[in-house]
Structures are given as C-alpha cells and as structure tokens.
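The next part holds the structures, each set out as structure tokens.
Next, two complexes with chain A in common: one pairs it with chain B, the other with chain C.
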Partner chain A sequence: MNHIVPIIKRDLHIYFRNKSSILIAIIFFLVVTSILPIGIGPDIKVLESISPGLLWIAFFLSILLNISIVFENDFKDGSLDLILIESELPELAIISKIISFWLIVVLPLVIFLPLGGIILNLPLGNIKQIILLIIISSPFMILIASMGSAMALRVSNPSLLITILIIPFYIPILIFGTLPFIENDIMNFSFSRSLMLLTSASIFAIVFVPYLLIYVLKVNSD
Partner chain B sequence: MLMKLHIQGLNFSYGEKKVFEDTNIDLSADKITVLFGKNGTGKSTLLKLIAGIERCDEGDILFSDKNGSIFSPKGMIAYLGHKLVLKEELTVEQNISFWSDFYQNTLDENNFRLLEIDRLRYLNVSELSQGQKKKLAFMRVLLSNKPIWLLDEPLSNLDMDSTETIKKLISDRLSADNLVLVTSHTKSIFSKEQIITLGN
Partner chain C sequence: MKVFNPNRLLNLINKFVLYIFILGCLFLAFGFYYVFFISPNDYQQGIMVKIMYIHVPSAWLSMGIYTLIAIANLLFLIRKIPTASIIAKASAPLGLIFTLIVLISGIFWGRPMWGVWWVWDARLTSMLVLLFIYLGLILIYRMENGENKYSKIAAVYSILGLINIPIIKFSVDWWNTLHQPASVLRLDGPTIHTSMLYPLLIVFLGFIFLFLYYLLLSIKIELLENKFRQSKAN
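After this line comes the complex of A and B, so read on.
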C-alpha cells in the first residue's frame, strides 16, 4: 500500500518533464475531432447522428497512441523488475502506474472533451452524459490498453500492435457508450443502463486485470 | 541456525540452450556467496531465477529461516541487475527520494559520503559516469534494507576506492538473517565468502 504514492509522485514528475505525452494526446484528439466533420460534409444531421461515436473513437485513439508509456520506461531502466520483485503487493504498484497515466493523459483529455463535443455539434446535455460515461469507463479502457502495452513491451514501435490487440475489447464500450445518444427505438437503451454496464466493466477490470498484468509483465520482463 | 537457500534439481534453458541441468546448490547466510564463472555460464540467470524474474523449467528454489522453516521471499529481495533502476531524467536526489519513499527508509549521511554521492545530489543521473551510476544503484540496495541481496556484478565499472567501499558495505551486511549473493568474474573478493563455480 505504501508504494502507491511514491510511484505516482515519481511518474508525474517524469511525465511533466517530458510533456510530449500530454500534448500529443490532446493535439491528436483535437485534430481528429476537427477533421472528421470536414470529411463528412455539410449535412448537419449526418454529423449529429454519428458525433457521439466519433467523440468516443477520438478518445480511444488518443489513449491508445500514448498507452505504451505506462511500462516502456520502467522496462528499459529496470524499474519494472523493482516493482515485480520488491513490492509486497505488485498489483497495487501497477495500479499506481495506471493512476499516473490517468492523471497525466486521460484527465487533460477529459478537460478537452467538451470542446471536442462542441466541434462535433453535440447538444450540451449529451456532452455532459458522454463525459460521465467516458470517465466511468476510463479505468476499463486504460487497464485493457495496459494489457496490450505489457504484451508489446519488447516491440520497438508498439502503438499499432497495441491498437490491433485492444480495439476488439473497446467495441462493446463503444456500443454501450453511444447507444443512449442515437435513435434506438428497437432497444430503447437508456443512459442509466449504459452507466451501469460501463461501471460494471470498470469494476471488473480494476479487480481482475492487475493480476493478469503482473503475469504478462513477468513473462515479458527479463 | 542461519537463513539458507536450497536449489534442488534445477533445470533451465533458453530455447535449445541448456543453462542448468539438474543443479543442486545449498547456501547459508554465514558467508557471502560469490557466483563465479566465465561469461555465459549462467551467473546472472541464476540470480534472476532466485529473484523470480525467470522461472525454472523444473526444480525448486526454497528459502529457509533461522528455525529451518521454509518461507516465501516475496517482498524480501533486493535485486541489483544490469539495469540499474535509475531514472535518467531525474536528479540523483529525486531518485534517492523516490527510493526512500518506496522503501520507507532513510540512510545515514555517512553512506552518501562513503559512496561520494553527496556531491552529486543535484546532478541529473544522465550526467553521471557508469561508475557513479553503479554506486547510486547500490545506494538503492542499501536503502531497501531487505534481508536477501542479489547483486549482479556490483563491483564492475568502479574505481579502486569505490570497490573497497562497496565490498565493505556488503561485508557489513553479513549476519544470520541476511543472505547475500554476488556474481563476479574474480574470486577472493570478500574475507568471508563461499564460491560457487558455474559452468563445470
């Protein structure tokens, strides 16, 4: 338990020194949300119908672009061994790294989500609800993406591999995250149902994925 | 009784290359264990197997305490490998501060002076020489205060004075409760040492 704060403090220190991770995620997110409406054309109704999905996809890709930083440096300098061997509870140490990533990459993205929503012409009420769903499902998204990052530790440019590995796991999140905001008379899928399902997914990931991560990291580390 | 390490029927290979075949080793904490051998004989691999970084194909690696009871070494090992666990983008002070928080321990200022770290505190780790990095990495092991030390060539890249200092700090660690394993290309490093020659 006592390892959580020092790891977060140190990771934030390092991330703030190399601000590129924060900036790349934000710039990528804003570029994607700005360019997509131009590609769709002038029909505002088309944009409105697909903008919730576009916002989610822009968010996913911004995370996947940066997820390799979670373990990459620690693997290179041996800190990962320190966490795996010398922590009494390595699962908590791994969660600390996930929290650092959340604070340094996801939180700034969440701050820019309203701007992305406005660019995509989403109603204000929907923007608020999508932000809530994204925050709630972000532990699931990061933990699952971290699994990809752990699997691709020895790959030199892992972003593409991680994206290919992880995208299938994001599809249910994308479906449940967008259903309340598009016309779905057949299923009548409400916001609260989405919130419940995505919360369950995140709780499931928080409870089980750290153990899987430890296993994958042990197999992949030296 | 002393803390002991028992390696029983160890088999390990990297792909087709067998590194250990039915290897049995018993070590006790009364002496510093020096794993001696040529390059590629499995010194570093054995430390990694004991640390749990690598997994045995077959066999057991067991620790017993002063009373002879087998225990799990989880959270009790300090490992110094070829990767030095130093954050190059941070200063020496910031690295030490992280370890102090991580291990919830502080070191006497004298150790900083002995290892000549005191005058480097505000430099970035990237500015240090390999020898200085090695000494800083050794500080982490001291700070960890763990009962089992696994040190992979802790004396490489060091000048004569620093070699003597680290040898003394390792020797001071010797007690019934502390097990120290060191890999080396040379014998007769410590006054109280047991040598395990690998590659025979």
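After this line comes the complex of A and C, so read on.
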C-alpha cells in the first residue's frame, strides 16, 4: 500500500491542476455519442438494435485518444526514469499510475455512460448490464492501451498510432461485450458467459501486462 | 548459432538463393499444371475450387510467417541475437502480402459460393485481425531509423499478437461458422481426397520456396543496409 498510495496522490494532484485533461474525455464521449445518431438517422428501432456496439466504440475511442497522458508528462520531465530506477517494485509504481488514470478518466466516463446510453436510445434494462461489462473489462482495456502509449512514447502525435496498434486487441472485447445484446439464433450467448470471459481477460491482463510494460518503458527511456 | 553471424548468413544467402528460386518455380509450375489439367473439378463448386489452391497455402503461410516472426523475436529478446530481429523485420511485409492474398481470394470465392463478398464470422474476422496486427507491426518497424529501440518494441508487440494465431486455427471448431472446418491438418488424418490433396501440397511447397526466396533477398538488403550504416558511422 505505501508503494501505491503516494504515487496515486501525486498523479491525482497533477491531473487536478490541469482540469481540461479530465473534462476532455467526457466531452469527447458525449460529442461522439450524440453525433452517431445524426449519421444513422432518427429511426428509433434501428438505433435500438445497434446502440450497444456504438456505446462500446464511443467508450473505446475516448479511452484510446486519451491514454497518451498516462506516461507522457512523466516521460518528458524525466520522473518516469527515476520511478523505473529508484523504486524497489517498478511494477507497482506503474500499476498505481494506471489506477490514477482509471480514477481520473474512466470513472467519470462510467458515470456518464447512462447518459450516453439514453442518447443512443439503449433499452434501460441493457444499460445496467453494459455498464457492468465495461467496468469489468476496463482493467484489460487500460492496461493494453497503456502498452500502446508506452510503445509510442517518442512519437510526436501518438494518439492515432496507439489507436491503430491497440484496436486489434480490443476486437475480442467488442465481440463478447456486444454478443448478449444482439439477437442471433446461432449462438445464444448469455450475459453471464460474456461477464465471465471479460473478467478472465482482465485478470489475465493484470497478471501479465505490467511486466511487458516495464520492459517497453525501460527500452524507451534509456 | 553460427548461422546468425551476418557475414556467414550473407555467404549462405548468396550461395543458395538462386537454387531456392528455381525450386520454387519448378514446384509452382508442376503444381499448377496438376491443378488445372489433372485434378478434377469439385462436383458442387465446379471450376471455382481452383481458387482453393491459392487460398489455402497462403493462409497456412500467413499464419506460419507470423509464428516465425514471434519465435525469431523471442530469440532476439531472450538470447539477444540481432540477426533474429532482422529476420522478423524482413518477414513482416511478406506475411502482410500473404494475408492480403488470403482475404482477396476468399472474397472472390465467397461471392459465387456463399452469395456474399464478406461475412463477419469467426474465421474471417480473426484473419482480418491478423491483417491489422501485421499493419501495426510494420508501422512500428517503419518508425526506426537505425535504432534498435523500435525493433525491441516491435518484438514485444509481435509476441502479444501471437495470441491471435490459435484463435484463427481453432475458430472453425469453437464457433459455428460459415467457413468450412479444417480438412487437411486434423488429428484423424485429412478428409480431403488425394487427387486434390497432392496438388495442394505441391503448390504449398512452391509457395514456401517462393517465400524463402523473397525472405532471403530482403534479409540480404537489411544486412547490407546495416553494413552501409556502420561504415558511414565509422
């Protein structure tokens, strides 16, 4: 605990000093969710059938286009190198940086998810289930996305590159996250099954990704 | 591990590359002769079955090349062999080309057989994911300017992407898909008739030799570029 808490406190302090970085993810999410129905047309039936996927994709994009702030500032002012060298357990330090990102970007997004669901005309019963799935799979999403941001640390405009690199790994999540809400006769994919699959993906990511992250960060920072 | 010495590798390439090209051409010529003049048409698909002889070998190769890239990169990360990274870097665009061949030939087969150009079933989707992973990998390799920083990052990325290969292989068994299940690489032996299996394997051998030919050429280019860079730095 005394490895994790100080770093989270420091990160939250830095994030709160520059509030636009918190607000921009929420505003982006709301703008994307409100522009999708305009492009598709106002037909409520059509919107109802595709809104789970749209909600997931809007969520993905607002994470992927913001994930570069996890390591960017610390990399630029050199404190990332210090964390990697000085800390006894760099894995814990990196995990606490990711936890603070979760608190500052993903938690507000989750709070605004019901509003996004209402904009996209999602049935009220499904909103709860989708939010649960998104919360459960968010550790996987953030860890994999921060892999992308660690890989693209030295690139001048990293967001697009991160999106291209990470989208292939999000496709399984998107498939299992939307299957319970799509009517298909071939597979009766229940909600609990996809909940279990996404939970296992998150646990897998929590166990293995921090080591790879440390490796990539060390390669990039020397 | 002596093969990984750059100069020795260059000598080997110069010695064998022509023979490999000739072997590949011979296998392909004989294979396509077999396909078009000896092997029968399918009783349901008719002449369209001939697309299979391009589609299936390039599918095997695209997955095999990805596995090769991941193994070479593992060697690079664990044993610190720089030449292994060069092999991986040279194979990535070739794997991309074979993946494109699979998808495009599948599209032209699917239109008359299934009635649609493209369906979102498990096999096709996972193959598309492989295409995206190849694209990401090549993007990372393109970022480097003589630094080996990005080849390490690309190595990590390729090992992460390896999880997709078993998904492609078993996607037809795990899910009910429109794509037909495996008929050659099965535990209980192939279910495809020998009059179609033999030409398929011959064409596959030809594809392998052609891949090796282009792989050796691009490894040679990479090695020579490295030498040039070193001599400029000195």
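Quick note on the criterion: the second predicted complex is superposed on the first by the 221 of 222 C-alpha atoms of A that agree within 3 Å, B and C clash if a C-alpha of one lies under 4 Å from a C-alpha of the other, contacts with A are read in each partner's own complex, and residues count from 1 in each chain.
The criterion applied here is as follows: contacts are C-beta pairs under 8 Å (C-beta built on N, C-alpha and C of every residue); 3 or more make two chains touch, one makes a residue touch a chain.
Computed from a predicted structure; not experimentally measured.
Peer 1: Once chain A of both complexes is superposed, is A:Met147 in touch with chain B (first), chain C (second), both, or neither?
Peer 2: second
Peer 1: Scan A:Ser87 for contacts with chain B and chain C and give back first, second, both or neither.
Peer 2: The answer is first: A:Ser87 touches chain B but not chain C.
Peer 1: Name the contact category of A:Ile182: first (chain B only), second (chain C only), both, or neither.
Peer 2: Touch partners of A:Ile182: none, neither chain B nor chain C.
Peer 1: According to the stated criteria, A:Val155 is in contact with first (chain B), second (chain C), both, or neither; which is it?
Peer 2: second
Peer 1: Have a look at where A:Ile167 lands relative to chain B and chain C in the superposition and call it first, second, both or neither.
Peer 2: second
Peer 1: Just to be sure I read the superposition right, which of the two partners does A:Val216 touch: chain B = first, chain C = second, or both, or neither?
Peer 2: In the superposition, A:Val216 touches chain C alone.
Peer 1: Between chain B and chain C, which one contacts more residues of chain A in the superposed model?
Peer 2: After superposition, B is the partner touching more of chain A.
Peer 1: Who does A:Ile111 touch here: chain B (first), chain C (second), both, or neither?
Peer 2: After superposition on chain A, A:Ile111 lies in contact with neither partner.
Peer 1: After superposition on the shared chain, which partner residues are touched by A:Arg17: those of chain B (first), chain C (second), both, or neither?
Peer 2: Once the two structures are laid over each other on A, A:Arg17 reaches chain B alone.
Peer 1: Do any residues of chain A touch both chain B and chain C, and if so, which are they?
Peer 2: No residue sits in both footprints.
Peer 1: Provide the residue numbers of chain B that touch chain A in the complex, in ascending order.
Peer 2: For this pair, the touching residues of chain B are 48, 51-54, 74-75, 77-79, 81-90, 94, 98, 101-102, 104, 144, 146.
Peer 1: Provide the residue numbers of chain C that touch chain A in the complex, in ascending order.
Peer 2: Within the complex, chain C contacts chain A at residues 125, 129, 132-133, 135-136, 139-140, 143, 149, 152-153, 156-157, 160-161, 164, 167, 175-176.
Peer 1: Can you name the residues of chain A that touch chain C in the complex?
Peer 2: 147, 151, 154-155, 161, 164-165, 167-169, 171-172, 175, 186-187, 212, 215-216, 219-220
Peer 1: Quick one: in the complex, what on chain A touches chain B?
Peer 2: Within the complex, chain A touches chain B at residues 2-3, 5-7, 9-10, 13-14, 17-18, 73, 76-79, 81-82, 84-88, 218, 221-222.
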